[in-house]
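Both complexes below contain subunit A, partnered by subunit B and then by subunit C.
Moving on, here comes the complex of A and B:
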């Protein structure tokens, strides 16, 4: 009986011109999104390859140079490329792809794609994640809004009931008929993605596991939408009303709740503006040691302490270059200041995330969006993780350079030049992104919310059966 | 095959069916006549299990409908006044679906055979139902009943809106089903068709069965008179 209903529904869907048109449009959009992602891949890859190969070469070949000059010369930490970012670019477009690492300063990531685009880019890109998150649920609405209402409108419900039809089997047949084309489109998209991404040997490490989990997340999301659309269709009598209600659910879940969540999160736990942040950092920096200023109160205090510690009365008698030592101490103070202020940003981020999770009870879109970005390694958490690793590398780089300066020269010897092979001794920046297991464990609440949506929507669907 | 025992349906104070007693055996066609609101459709809905009786019982194939709503549907087929099928599917596909949900998986040749038995012309088998007249749809409905091998058939105003030829063909189909031992209950306004096909006729008014006849012992004129008497039309005319 499930099979009969499934075949009948599929026949009806394929013969309905509107559904066929919608299907063709979605497949066309999907093809276009894949093409755009392909273009993006080539653009990113070319920039990345050029930047990464030249940057390290420039660093390694600085020649004889004062280490502190090298510290100011700086280097770059490049965010690794994640193959799944071609499916869901998440915040990458806005968060930037590389961080300039220099003395005294923790920089933000730069070279975001959004900065190179016009204001129209704010309307969103036609990317696979846009199709997966917004368009396919819309297709589910179009496929399923009249699943039951058409039976009332065509007058076939009475005949169906007179056959002794099991409503559970009837619903399962209709459910399968809606989910099958959705499952097919999603599977084809993910298979194409898997085959293409696993063959890109120059775009990060591809994991079938991550792709599989991402696929499951989206299937759960679509199941929730299918259940909601079927619940509505079984509870109202007219297709027009069912369509309005189903579209309202789509608007609320995919557009309204995310926007409202964002506004509430921003209002309740605001980030400081860039200017405020810079002013706060500067204020704290000025309250501590400035490595470049030997005349400040803090520098004089450090001098006194070091002389006492080594039992000498002149900086020239110290076994290291005190200028470099002071600069390292200044660097440590500055990194503490940055740590404090970035910790605050992360606290705000964590609290904003809690707001999103609280409001995810009103939208299956939110947990899906966050899980998708996390699995694709394009969420804010991964970006923070990368930025922290880059900062850690910056601090270690400064220590490496200042220590070289301090240990190989004496006080006042600003003419010291480290040999050309010194720079190669600095290990390159290596960043290991969080593994899938870690991502899933840190996104446990999103998984829980999506699972709750799944279970509750099935529950409601089967409760409505009794009313048919 | 189809039995009602003091079957009663009330909505609040309003009694729409009052202690109806019917006993339709295999191979009998019972026509229920009556004006709108007489209780004919309510009777059918109670036999289908769409409504719960206030008191009394309905039985299909010896099973209480209220206690065995699913089981009893296995033995009966139903053709409503305006039989609606899936317009984008063909006759064969509609029959395939309704047989399928009844648990029968039939081959294409078997489906065509049932449609043929129901009197549908061959050229219409694979046409979409959206192009069908009411008479053609009724034939698909009969084919559904045939495919289901239903022991009881409930018909609600099946001939209303049919042209005389289609109505006559429909009558012949019912005769065939009767010959196969199917118990048929037909609610209708059509006195002529009732006299043509019925073995028994009942006249209902205000939820009550007022008169019952053996159709063989009754002329059309007598039936018409009995109907008018029951409905008090004479008084109205005077």
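Moving on, here comes the complex of A and C:
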């Protein structure tokens, strides 16, 4: 009975002109989206490689220079684009791509794509994630809204009942009929993406496991939608009403709840403005050691401690350049200040995330969105991870430069120049995004929410609609 | 007959609870969205007020320090922050260049969540590195904001669709169409009448709600802008009713009607904007920011090497500085400011390239926006609330202009080696933002109205009338 229901449903769907048209349109859009994203991915990665090597050359060829001048001159960390961004662009458009690494200051990532686009970009981009997250659920609504209502309307429900089939088998047949075309599209899309991505030069970053998990997440999302649509269709008498209800679910899940939750999250746990943030950092910085200011209270204190530690009575007698030593201590204090303030930002975001997760009870879209971005390494957490890695590198660079200054010159020797080959000794900035296992464990709650949606919707489908 | 129809229709709508339900829904949506928008505006105003207060306090401190210096007292501060030095004033006591929200800012968040609303350009900072973006969670920017513009552009059409997708088909499905067909009335006029009632209801309700929200949340509003905004919204509503009218006349069943109109919604609201945007950025691609950084770094490195030579050239171009200061003492900032000038000139074409491309994309959107009224609406609402790309470009331009004024005001002090005194405080330049005046929405409203009327007329012309009204009935 499952099989015959399935065959009958599929036949009906293929004969419906609208379904076929919708199907063709979705496939066309997907092809276009992949092509566009692929082109963009190539272009950005090429720029990334070029920028990275040029920047390194600029750093290496500074010539004879005081190490602290080099520290102020600074260098850049560029964010690479990850292969799976081909499928989900995530927040990449809104997060900056380059971080300036200089002395005394932790900078934000600069130049997000969104700021270089017209307001139209805020409608969303034609990317695979847009189609996967918004359009395919809509296709599910279209495929399934009248699964049961049409039986009522055509009077075939009575015939079906007279067959003595169990409702479960009937539901399973219909369920399979909706899911199989969706499954087919998604599988083909992911296979194409996998083949395209595994043929890239920087294949190292891409993994089939990530792609596989991403695939499973989307399939779960679609199963939840299919269940919801079937539940509605079985409970409502008219196709028109079933459609309006299913669509309302789509609107609430995909459009309303994300926006409402973003508003609530922002109001309840706001970020400081850029200027406020800078002012707070400055305030804390002033309370500690300023590497450039030998006259401050903290500098005098440090002087006393160091002199006592080395048992000498003049800074000139120290085995290193105290100016550079103080600079390094100042740097350490400043990096702690930044750590504290960035921790605050992260705390705000962690609390915002809780708001999103709380509201995910109204929208299977939210956990899917977050999981898919995370697996594609295009989520906010990956951005933080990159920014932290860059900061770590900045702190190490400063230590490298200050140590060079301290060891190779004496107190007060600001005219010291490090030789031209010094800069090459600084190891380059390398960044690897978190591994899949790590991502899944930090996204445990999203996985849990999505699984809950899956189980509860199945439960509802099979338990409560027995009385069709 | 028309009168009976009208009363009958109104009664069914009232009795089925549709009107009540939709009215409450609209009220809730409009209220919530305006409240959200106004919260953002409020935060923006508070931020600006608090920074103004801070700067005032720091100014008082600066004046006190200047006063002490002028009276020959010792000032307890780091040497380079003492405000008798013009560079200390220029770098540590910058003015605020703020962009206060417009009176109707609560309507559309637009680009306002991407950009900051006040910056403090310093003398030594270079204008290209001025960061105009705001720290905020990119997740929020990705999801967007639940504001009035979202309710009007995305949700209002959906409500209209839910209200009118089955005007004709439900009559047929319940069998009442046959009764109606026996009446001396044209089917077209009858559908038009039914849709007209719905349009009137939603339009009136929207106008009342909009006026209400403007009254509660808006600032002092210029009546011209307000009327064009309301006119535009009505035109947009009419557009969706015109589509619903046409689809209804195609005589299909309710569910199929709903799918067709929804497909149109998808095309106009979701697909057309993203495709036009994609095409725009493909035809006028943005140069690479990362490569711009490379270029900037190279220019700066070259300039740093030639600092002394650049200072010489600068002083040759500005003989007045050589005359005014007999000592000719030249230190770090003299060299630095002179080379900043060179850096700026060298980088200007690179930075302008970004703005040019953005302008071209904007023009492209301006031309193609007529493909979808949703785009027209979005652009107009952003303009009305002062949160469009153009507004932020305007602000950026004004700030960079002001940064130059600030620098030029203090540079003579620097090169003349002249101290900054408390009497110079009054003359410090200050920044006032001059907003753009939105002007296109009136025309847009008329254009959408015209489009809607054309759609409606075409709908009647191409409806299955030719095949006699039988097709409509069965």
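Rule of thumb we're sticking to: the second predicted complex is superposed on the first by the 462 of 468 C-alpha atoms of A that agree within 3 Å, B and C clash if a C-alpha of one lies under 4 Å from a C-alpha of the other, contacts with A are read in each partner's own complex, and residues count from 1 in each chain.
Everything below uses one rule, namely that contacts are C-beta pairs under 8 Å (C-beta built on N, C-alpha and C of every residue); 3 or more make two chains touch, one makes a residue touch a chain.
Bear in mind that the values here come from a model prediction, so they are computed numbers and not experimental data.
A count of residues in subunit A touched by subunit B and by subunit C gives the higher number to C. Look at A:198: by the touch rule set out above, it reaches neither subunit B nor subunit C. When the shared chain is aligned, subunit C comes close enough to touch A:138, but subunit B does not.
Of the two partner chains, subunit C is the only one touched by A:352; subunit B is not.
In the superposition on chain A, no contact is made by A:441 with either subunit B or subunit C. Using the contact criterion defined above for the overlaid structures, shared-chain residue A:160 touches subunit B, although it does not reach subunit C. Of the two partner chains placed by the overlay, only subunit B lies in contact with A:1; subunit C stays clear of it.
Of the two partner chains placed around the shared chain by superposition, subunit C is the only one that A:266 touches, whereas subunit B remains out of contact. In the superposition on chain A, A:419 makes contact with neither subunit B nor subunit C. Looking at the complex, you find that subunit A touches subunit C at residues 18, 22, 29, 36, 47-48, 50-51, 54-55, 58, 62, 73, 76, 78, 90-91, 93-98, 108, 110-126, 130, 134-135, 138, 142, 145-146, 238-240, 242-244, 247, 251, 255-256, 258-263, 265-267, 270-277, 279, 290, 293, 295-296, 345, 348-349, 352, 356, 379-380, 383.
Residues of subunit C that touch subunit A in their complex: 32, 36, 39-40, 43, 47, 50-51, 54, 78, 110-111, 114-120, 131-146, 150, 154-155, 158, 162, 165-166, 169-170, 253-256, 258-259, 262-263, 266, 269-271, 273-278, 280-282, 286, 288-291, 293-294, 297-298, 301, 304, 354, 358, 361-362, 365, 374-375, 378-379, 382, 388-389. Interface residues of subunit A, counted against subunit B in their complex, comprise 1, 3-5, 7-8, 11-12, 15-16, 154-156, 158-166, 169-170.
Residues 48, 50, 69-74, 76-78, 80, 82-89, 93, 96-103, 141, 144, 148, 154 of subunit B are the ones touching subunit A in the complex.
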